[in-house]
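Scroll down for the structure; my scribbles are underneath it.
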Amino acid sequence: MFNMRLTVAAAAFVALAATGIAQAQTGSIIIGASTPLTGGVAHFGQHARWGAELAVAEANAKGGALGRKIEIDFQDNRCNPAEGVKSVTQMLSEKKYAAIFDGLCSSVALAIMPLIERAGVPFIVANASATSIAERSGVGGNKWTFKVNPTDASMLDALVGWLDKEGKAANIAFLGEDTDFGRAGSSGLEAALKKRNQKLVMVDFFQKGTADFTPVLTKIKARKPALLALYAIDADFQNTIRQWHGLGGGVPLTGRVLVDQVPKEIMASGFLDGTTSVQPYDPSVDTPANKTFVEAFTKKYNVAPMLISFESYETINILIDAIRRSGNASPAAIRDALATTKYRSILGTELEFDANNLVHNNAIIFAIKGGKVVIIGMSKT
Amino acid sequence: MNAISVRALAFVIGLMVLFAIPKLTGNEYVLALGISFAALSVLSGGLNLVYGYTGLLSFAQVGFFGIGSYTAALLVTEQNWSLWSGVAAGGALATAVGMVIGYSSLRLSRHAFAIVSLSFALLCMIVARDWVSLTRGAMGIPGLPAPTINLPGGMRWRIAQPADFYYLLLGFAVFAHALIYGVVTSRLGRAMRAIKLNEPLAQSQGINPLAYKLLAIALSALLAGMVGGLFVFYLTIVDPSIFDFYYTETMLIMVIIGGPGSFWGVLASSAVLTAVPDLLRFTTDLRMVLYGVVLIAAMLLFPGGLGGWLHRRRVARWRQPRVAP
Amino acid sequence: MRPRGRSVDLNFYAQLLLNGIVIGVIYALIAMGLSLIFGVLEIVNFAHGEFYMLGAMCAYFLTVNWGFGYWPAVLIVTAVAISLGCVLYEALLGSLRGESFERSILLTLGLSMVLQNGAVFLFTTTPKMMATGLSYSNIIVGELRLPLSRLYALGLGLAAFAALYLTLYRTRVGKAMRGVAQNRDAALMVGIDPRAVSRLAVAIGIGLSGLAGAALAPVYAVHPLMGFSFVFKAFAIIIIGGLGNVSGAAIAAVMLGILESLVGGFLPLVMVDALAFISMIAVLLLRPQGLFGRGVRV
Amino acid sequence: MTPVQPLLEVRGLTKRYLGLTAVDDLSYALETGSVVGLIGPNGSGKSTSIDCMSGFQAADRGQWFLDGRELTGLAPHRIARAGLTRTFQTVRAYDELTLLENLCVAAQENDGVSWMQALLRGKTLRGADAAARARGLELLATVGLANYADAPAAILSYGQRKLLAIAASMMPKPRLVVLDEPVAGVNQTMVRHIEEVIRKLNAEGVTLLIVEHNVDFIMSLCSRVIVLESGSKIADGPPGLIRSDPRVLAAYLGNKRAAELDAGNG
């Protein structure tokens, strides 16, 4: 009995796929996107979606690409490779998508890569952080995958280089979430420190969703490191930062501190003075293009953009630029156009993909001084 | 007799159609759904054996699934084992773990088993994330190679295309369900139902509940472990999200809607529920809310599941003619 | 990893102990209600953490959006949670009876899915911070530090425990509750209405959960998934404490909090996460009735 | 003269709860083919003693043997397989299974079919299943439920369920059957019917130990009666003697149960 239903479903999908092909010739240019819209990181999936949709809306306001409207379809992947594969397979089988966007989580992006290679559709990654994505792309094998955000390793190298110059690269402790984000942070930091004959003095990981950090923070405080490299995001970041404040901290932070999300009371108290952070983005970066972006984003969604929303916005812009230069918006032409990208980032630099299809935008190094965030440098990643 | 042969014919035709799908349509999404169905139905079938037939609520299925996945992936990539031996090892390890959990907690009570199985699943996730030297941690093991299987007659089958995985997983699912079907329709399944319906009575009749419960757990662990080992090669990556609690919720919903203790019902609901979330992708936000509502409604309205409902109808039918003069 | 010097050492231990006590009392707030509901109804409430989350959400909106103070918010949220408990009993749990352990888990699991995903839908997963003056005030004694919000949570936890203890031992209805927990049939015979008692147990249990949410809203970030991770730990606690044994659960909670804090002070944090589950499994295998036994319930 | 080995021998069975002795040093023996009643006032330890004997409760002290084989401390299913089956005071049946299935389940652990044979469905299994069905139908006929062989057990009345339980306890051809209150709460017609069934089964060679409150039933059915009070055996003998035993009268009178002993249980 279930066989029958599946056959009916199969027939329905064949029909769907057929209409998809017909549409691809004339109607809008459609980008397929898979991102977590439910589950633990849905908050980031939401920002990824907002950034991308803002870019698409702006492009359409300027007449779309090649005289056609641009659309972007989002599907949920729960940050789970199985769901990612299913959602992208569905989009690929409909054959109407000019390119596939993101995945957000590294494991999902890695699972998507063989699919889009087989289908011959460009895949452009905005947020996933694993180094192995770029290692497997371009000369690494997968010609269809492009990654726009810098890898942690290169950003951390920039940060540690700066710390070393200031004589602060010794005695750093590390606390990060036990996800690809935190793990990449600790290994990137270890590597950057090793180059300068230093190492992390203590390393600890926590499960995402941990509410109470006081045990580990007490331990770190007692150990008196010079700096604490913190790799926490979302609710975990809010909990660590407030509990660190509650315990009286006494050690400045470093790593990927979300300086834009520190509660203003803590920031103003000067408690975090001496903190350094490296990020690919911050809303406060003082370029006209960024100001326009922050304003438009805040106006549209009632909340300030964050790293994820910026990366999605910029990535979709790079993709749209490639679509415009592709001439016919066919996946293969878009891939070739992507490879020759010369795009001016809203942070001011000109971006190109390297041999591994990876972009090297500037990383921003922040410091907190006198209760205020200051940008102390931009560094090539 | 006639009805049985019609059913058998329909079953064979249905199976042929399922195996012909890659030839009928090149649509990879249909194949992806088929693969998804094959994997999930083996998980829900195993859960049905444990919960539906034997009456033990288990949250451990997802743990067995992940243990099988990791074992197969690690043995194939790092020890150069063949796919079959890796998958068999994954199934064996899952079974062994299942026996340990089952034996230690079932000596206490079925309640202890439910709670221990839940903790086990949560611990699996922690181990997968944090025992980095073994599991490579949160990054998982990406880029699993397309496996090659030695077929009888010296042929080699390189499993690289979705259609290959479709055949492989569907083939395994048919084997797994045949095994489950064989058990539930045999006197072993009858003993399991007896234990679920009235454990002391079963004991007083010489049935050893622990042995049958362990059999159900071991079988479900074996199948879940093996299907996990096969499934991750299709995904090309295994990472800690293989232990996602979401799988557990999905499995439970499949068993509850299909009817605990109903082989065909759970198989059918697995098929429908594999396809439905994808057909209803626009309700993403509310899908899990909907699942929750279904669980609540099922527990309130059909406490005994489909089996309970059929049973009540059967009782009513038997009582009817005796009420009438 | 050990800090040098005797005084530093002492301070370090004292701070860990203090943190642990606070964490333990926070666990106890959630676990006591879970234990009470199990004791009286033999129901494992999977949705318990979701009521904690709703309590925190509610407190957040009351204080941040509607300008209530902390204490009024705590009172309102607790009252709302108690009524929600009555509704929950009448609408869902009241229909479960007898051998319904598995059904109760599935039913409340469904409820948890509805509440959690519904909250994601309504409030998004963006973490919310209750930023009143309370959140950033600290009590400092020597080297020891305790945020004021945690001190309040500690006080509320102790008060809740005292109130629960007095209710169960000094009031007629509390004695009835213990009677039902010990023997439902016997309680029926002496004229106790088990439905009324069960309803009250659920109301108190959910009320405690809501109270915990309100008390902790200034301590932790408020988001829809905050209850989910807590509830599994609470399961472990009530098993360690002896199923249905409310003060056992409270003691186990404080013990676990202190143990976690001390372990976290020396070993990797991952061990802390696994600690609750591993101790629970160990307790189950070595002393199935829990550390404090099942027979005597508070 | 060689001493005849008793079918069941119980030696010094003792069970305590929280300082209260429910069964106190109970010893007795049953001969093959007999029908023996076990009576006593409420709380005298009748049910506890058979729960211990069948493995459902752990005894604190004592030993018991079936046909010379020690059963002490075995799990219930092992005791059942050794040839001692029982029914329960609160009648138990598999409601969702048919009557015939109820009976077949009861025999399946004793017919030597292994799990593998059960799965592969070979000749051994088919033979065993056919034998079980035949015996099941025969037993259903004996207890008068043959018409309902394919009906779910849930449709049975309370008394009919007691009959089904008795039939199920006979399925594996046990050496000894312990019936826990086979007629409690059933009407007089059914009591007589159950009595007949038990006689018929005994005539086929089954040994029975019957725990009952209904003293009349026991007195008319059993060749020997054992009386318990506060966990101890106070009398043991043929019904005629028991009726006039002063200790028994005192026990029942003391518990205001003399009426039960004298008058019929209407």
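Letters A, B, C and D mark the chains as written, and numbering starts fresh at 1 in each.
Going forward, a contact is a pair of C-beta atoms (placed from the backbone, for glycine too) under 8 Å apart; a residue touches a chain by one contact, two chains touch by 3 or more.
Since this is a predicted model, take the numbers as computed values, not measurements.
Steps from chain A to chain C, minimised over paths through touching chains, total 1. The remaining chains, with chain B left out and nothing else moved, group by touch as A, C | D. The most centrally placed chain, judged by C-alpha centroids, is B. Distance between chain B and chain D, defined via averaged C-alpha coordinates, is recorded as 41 Å.
Our note on geometry: chain B versus chain C, Cα centroid distance of 34 Å, whole angstroms. Chain C and chain D, compared by their mean Cα positions, are separated by 49 Å. Averaged C-alpha coordinates put the centre of chain A at 35 Å from the centre of chain B. Across the assembly, chain A contributes residues 38, 178, 205, 207 that each touch 2 or more other chains. Residues of chain B in contact with at least two other chains: 126, 129-130, 285, 287-288. In chain D, no position touches at least two other chains.
A list of each chain pair in contact follows: A-B, A-C, B-C, B-D.
Across the complex, chain B is touched by residues 1-7, 9-10, 13-14, 17, 37-39, 75-76, 78-82, 85-87, 89-90, 92-94, 106-107, 110-111, 114, 119, 130, 132, 136, 178-180, 182-184, 205, 207 of chain A. Remark: chain B residues 10, 13-15, 17-18, 21, 24-25, 27-34, 36-37, 126, 129-130, 132, 137-140, 142-143, 162, 231, 234-237, 239, 241-242, 244, 246, 264, 267-268, 270-272, 275, 278-279, 281, 284-285, 287-288 touch chain A in the complex. Note for the complex: chain B touches chain D at residues 182-183, 186-188, 190-191, 193-194, 197-198, 200-209, 215, 307-308, 311, 314-315, 318-319. Chain contact summary for the complex, chain B toward chain C: residues 51, 55, 57, 104-105, 108-112, 114-116, 118-119, 122-123, 126, 129-130, 249, 252, 256, 285-289, 291-296, 298-300, 303.
Within the complex formed with chain B, the residues of chain C that make contact are 44, 92, 95, 100-103, 105-107, 109-118, 120-121, 232, 235-236, 239, 268, 270, 273-274, 277-278, 280-281, 284-285, 288.
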